[in-house]
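Below you'll find the structures, each written out as structure tokens.
Each of the next two complexes has chain A plus one other chain: chain B in the first, chain C in the second.
So, the complex of A and B:
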């Protein structure tokens, strides 16, 4: 395996040198990284600075060393937002061999610049340990290769309390159709509660609702094409998506631009709303309140709108490990990343107390609690995995254009045409990607 | 009549004083509220807030958050990093700043004023603008000597940035102060045959004690509080200063704000201690150079 990885990494590295890695990276240093061998010591940056997660990362490093005899030096990334914003400098400077990262545009863009090592061989070596949707989420559309070894993910879905559904006479474990969903919203509103909780202060929260309505209505391919400029925002299909989204606005809380995602969570926590569309990472807050509240919490895929597409797509941001081509020992980094994506690596992480949703078909999930099982089921149902809007399209479009545009739309749902015109104009004005 | 008038005047003055005190009180309250609120938050456990909301009567008030923050922040390592950077940076800044100010004020040549302008104008550039080119320069210099980490990801690089950014302000303040030192002192030094360096070191520098003290206090707090460069130019977390240690208390999605509040108060303590010990220098530092001799 080391032989094949070697040639692959050399090719990627040369490609990086040809592209010039934004012109500044000295070819000499780049080529010197080819001299690495996979048995040398490995450095590893964990994308976190929280004590507990650092402990888990250290446990991974220790377990790898115990198994292979290769020492791994782990360090935290410091503030994760700063790490995210400074990734370009990190990769052009003196990066660690392997680092935890997010799939989607954030990986693919750097991969196209030659800053990341092609890990397709490692993915094939893992074979069917990795679920299909997982690989699809980790694939770079521009060359069909993978530059990240996926390890964890979480679903975006409709969260609600089972007790509320029982009171409304709905199936507490399944809200499958748009009619059921409407009954839910109307029912909760009649009870004097908020139907559909929305907090879009951050500008990204409502992207979840937009994306899921778009894929339910127009399909996964259209959505991804739209986000990458191959379809127009002014297309009638996009306008239909916004109009469908507008149907939810009467059921929302009025202060949706004043609260963030955690404000929505608090509404559900306090039983003040019916349902909310959100990534599922905060169930522990329910547990902190009481076991009863945790048992009451449930998640389902967003209901079907267009039978042609059913519920075939889901936002499930994939996290994993990337390997920097500029690093001292990229081969060793790739071997470590592959190990982290394997059953042994995931078991080591779970043994250290990691409660993230690891995806490996070999893992035994029988002792998961019902909510976590349901999360797996929600992801498992989907054929196409999206990485969430701000990871599926270029960063200078998602945060600066789409976020404010959706905020404007929520304020003025009658002005859809003006909003999509503005979005398309903004997309057309973007400089070409280097 | 005249007595009456003076009583009226006195009353008016009293009323004015009271109004001013009231205004000062309101502003003091405005400034202190966030700090007190932070302190109050730091005493409450997170679960309390989750269960009952932010504006609720607390069940428990204790210092647990402080103990946890202390443990999680690895505070001593980051604190020493802060001082490894701040102390040489301040000393170098004051040294270069005083040298420059000395030349600018004690010798007159054509480009005096422009030189001073050049150095102070550097402070007007936003750091975010300087960052990308500086990063490339650091890597380029590193590649030249065959070790990319000679400036990037190193204390030396960080110290140099601080010196470069602060020296303009130091020059500005020190030169306005130096202008108040009588020319006769310099003239007699020259008559006695002192060399340029001796003139600077033995004659002028001892007279600069007050502004140097004030500046060193100001700059220590500024550099101590600095966050930006430490994040972008230091890759290794173990070399980062105390401000980044606070980030250790923040999760990617969920943040325990009560714990963070305790950490913030602890991180602010050294600056507070420095302030209370050297309060007089601090205040004079803010007004220094405001009156030109």
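So, the complex of A and C:
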């Protein structure tokens, strides 16, 4: 409680302080090096190069400035894959104060290297606004502290357009078994559409399908153990997962290595495919196109394969804001990150047209639109929540080994044994994490 | 230098005034300093790092790895052999197809065939573009919804024919794109060389009854030995250092692996080892051989 009053009184003080600095607003990054007190201007990197998402990020910056008087300079990260790959170098250079990032291994590893600011105080200042599950999801197991303020999250599931399925006379909402699912894909394909849209040019998109089949077939524990080296890729259960995955390939578009996730999204936007397995973070693009397109969008959980595990697990990655240790105004960055995680911040994003789910208990979910309610239902059904393969697993295995291996598998589904042998050999050759 | 040596050596010595010496040492010293700082010290550091495990952040975390990184590359990284194969394809394609075409074009243009100025400009234009820009151009043209797809009658993403992700053709497509620039480059170099060939040599050959091909093979080609060496070395180096084109088209996902890409992916990426440094050392060893060969030839010509 005292912390909340504290931050409010500080904010009032800052408003006055900022008035004097109004003339300096335009100078942005250069000036932020003047001091690391939280009253200085804040720089903020949005992890996106999508125009609509940048607009939402800018709205956040504007709303923060309107509320606190502290100017925030927002910039996009450019290509998100390149930003992800270069994050360690970015954080050792001259990073912005706050940046959008992903919870899980990708945060904790950098926190262990001292590249991120400890945000535990900001998390506790937000108190019970942040649901307990998100706090524990944001906690670095190696020191019990939080280095990311969770803001948005989304489920991975089968996305489709209600109108398309209605036209085809299919009912994805009631598929209970794998056979039903196969019939659905066959039905879509027969009508000249792509049954199961796939774009794996980026090397990570198909990880979603691999993970969900693995947890459906072999269970959550096996999947997490596999990603952390406690189970073997050469295990028959992993091979079974790949073989099950292979059953989907005939229903995919043939150019799956030529298009990326945005290509998949565009296929669904253009009504060229039936189902598509993806996280729903791009739903904003549907809304930006038109309300009808957004209303047409739907998500259901990936169907059950092994009755022993039902539909008990889901990939529901949490995104949020981190603060760079090397930044010019890390205190200001932390205050901004905290604000983004607060009710005010999330309302500002919602007002700007963000349809993501928010990790804040103060927000009223009763007036959520049907699609968001469905997303909550899809997540609510699952007992185990995963962070997505490349956040549940060390990065020098996920990006350089698993990604290319799945691409190879999609090309040569008959060579599963060779592929898993190569993956296991690569895992065995990894040095211990320092 | 040889022209002025007329037996007045003592005087020439004295000609180096203090100012001369300062100028000379600046002219030699500054580039040497920059070269050491930006090329050899990082290169030696890379060689050192390739024998360690390190994530590149805190120096205190660095650990001696011996040859473990090399061991991983040679025994547990099938992608290394794919990359080596692709670099070899690149080298063979440039040596056997792109470079000879460049030479042929240079020869034709040098013969002043009709419209040679226009041809010269057309073939030279891609050379002013970097390979990264060329990658962007062709990715737009060949990718889904690109111009080529539209012209082929596949305007939508759903029926775009696979090109970069089609392993039956992508090697040829990439090498053709790379050649688009390489041919013009070689043509220009060779054209410059051809201009320096004494026309009387050709005339003499013609009078002696040599055919066009015989004159080229027996007279012109041998007299261009220095240019030929440069072209061989450039062809080898261009093939080994290839990176930008592939990065633009495939990103870091190693869709079409080459050695330069593996260096980048494993250093710039998110590794706990120094696998990227080890790849860089392998690439350095592969490239340094033709460079030594090149330098030796150049210095021999100078002597």
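Please note the rule applied: the second predicted complex is superposed on the first by the 240 of 434 C-alpha atoms of A that agree within 3 Å, B and C clash if a C-alpha of one lies under 4 Å from a C-alpha of the other, contacts with A are read in each partner's own complex, and residues count from 1 in each chain.
Just so it is clear, a contact is a pair of C-beta atoms (placed from the backbone, for glycine too) under 8 Å apart; a residue touches a chain by one contact, two chains touch by 3 or more.
Everything quoted here is computed from the prediction, not taken from an experiment.
Engineer: One more residue to check, A:92. First (chain B), second (chain C), both or neither?
Structural biologist: A:92 contacts both chain B and chain C.
Engineer: If we overlay the two complexes on their shared chain A, which of chain B and chain C does A:257 touch? Say first, second, both or neither.
Structural biologist: Touch partner of A:257: chain C, not chain B.
Engineer: Thinking of the overlay built on chain A, is A:361 touched by chain B (first), by chain C (second), by both, or by neither?
Structural biologist: So A:361 meets neither chain B nor chain C here.
Engineer: With both complexes superposed on chain A, which partner does A:82 reach: first (chain B), second (chain C), both or neither?
Structural biologist: A:82 contacts both chain B and chain C.
Engineer: Could you tell me if A:285 is touching chain B, chain C, both of them or neither one (first, second, both, neither)?
Structural biologist: In the superposition, A:285 contacts chain B only.
Engineer: Should A:142 be classified as contacting the first partner (chain B), the second (chain C), both, or neither?
Structural biologist: Neither partner.
Engineer: Tell me which partner touches more residues of chain A in the superposed arrangement, chain B or chain C.
Structural biologist: Partner touching more chain A residues in the overlay: C.
Engineer: Under the stated touch criterion, which partner chain does A:430 make contact with: chain B (first), chain C (second), both, or neither?
Structural biologist: The answer is second: A:430 touches chain C but not chain B.
Engineer: Quick one: is A:400 in contact with chain B, with chain C, with both, or with neither? Answer first, second, both or neither.
Structural biologist: second
Engineer: Intersection of chain A residues contacting chain B with those contacting chain C?
Structural biologist: The overlap between the chain B and chain C interfaces on chain A comprises residues 79, 82, 86, 89, 92, 266.
Engineer: Of all residues in chain B, which touch chain A in the complex?
Structural biologist: 46-47, 50-51, 53, 71-72, 135-136, 139-140, 143, 148-149, 152-153, 231-232, 235-238, 240, 244, 247-254
Engineer: Using the touch definition up top, name the residues of chain A that touch chain B in the complex.
Structural biologist: 24, 26, 28-29, 48-51, 75-80, 82, 86, 89-90, 92-95, 262, 266, 269, 281-282, 284-285, 288-289
Engineer: Once bound in the complex, which stretches of chain A touch chain C?
Structural biologist: 79, 81-82, 85-89, 92, 109, 113-115, 194, 201-203, 253-259, 263, 266-267, 270, 272-273, 394-396, 399-400, 403-404, 407, 411, 422, 425-426, 428-434
Engineer: What residues of chain C sit close enough to touch chain A in their complex?
Structural biologist: Listed in rising order, the residues are 53-58, 61, 63, 65, 68, 71-72, 75-79, 143-144, 156-158, 160-167, 250-255, 257, 265-266, 268-273, 275.
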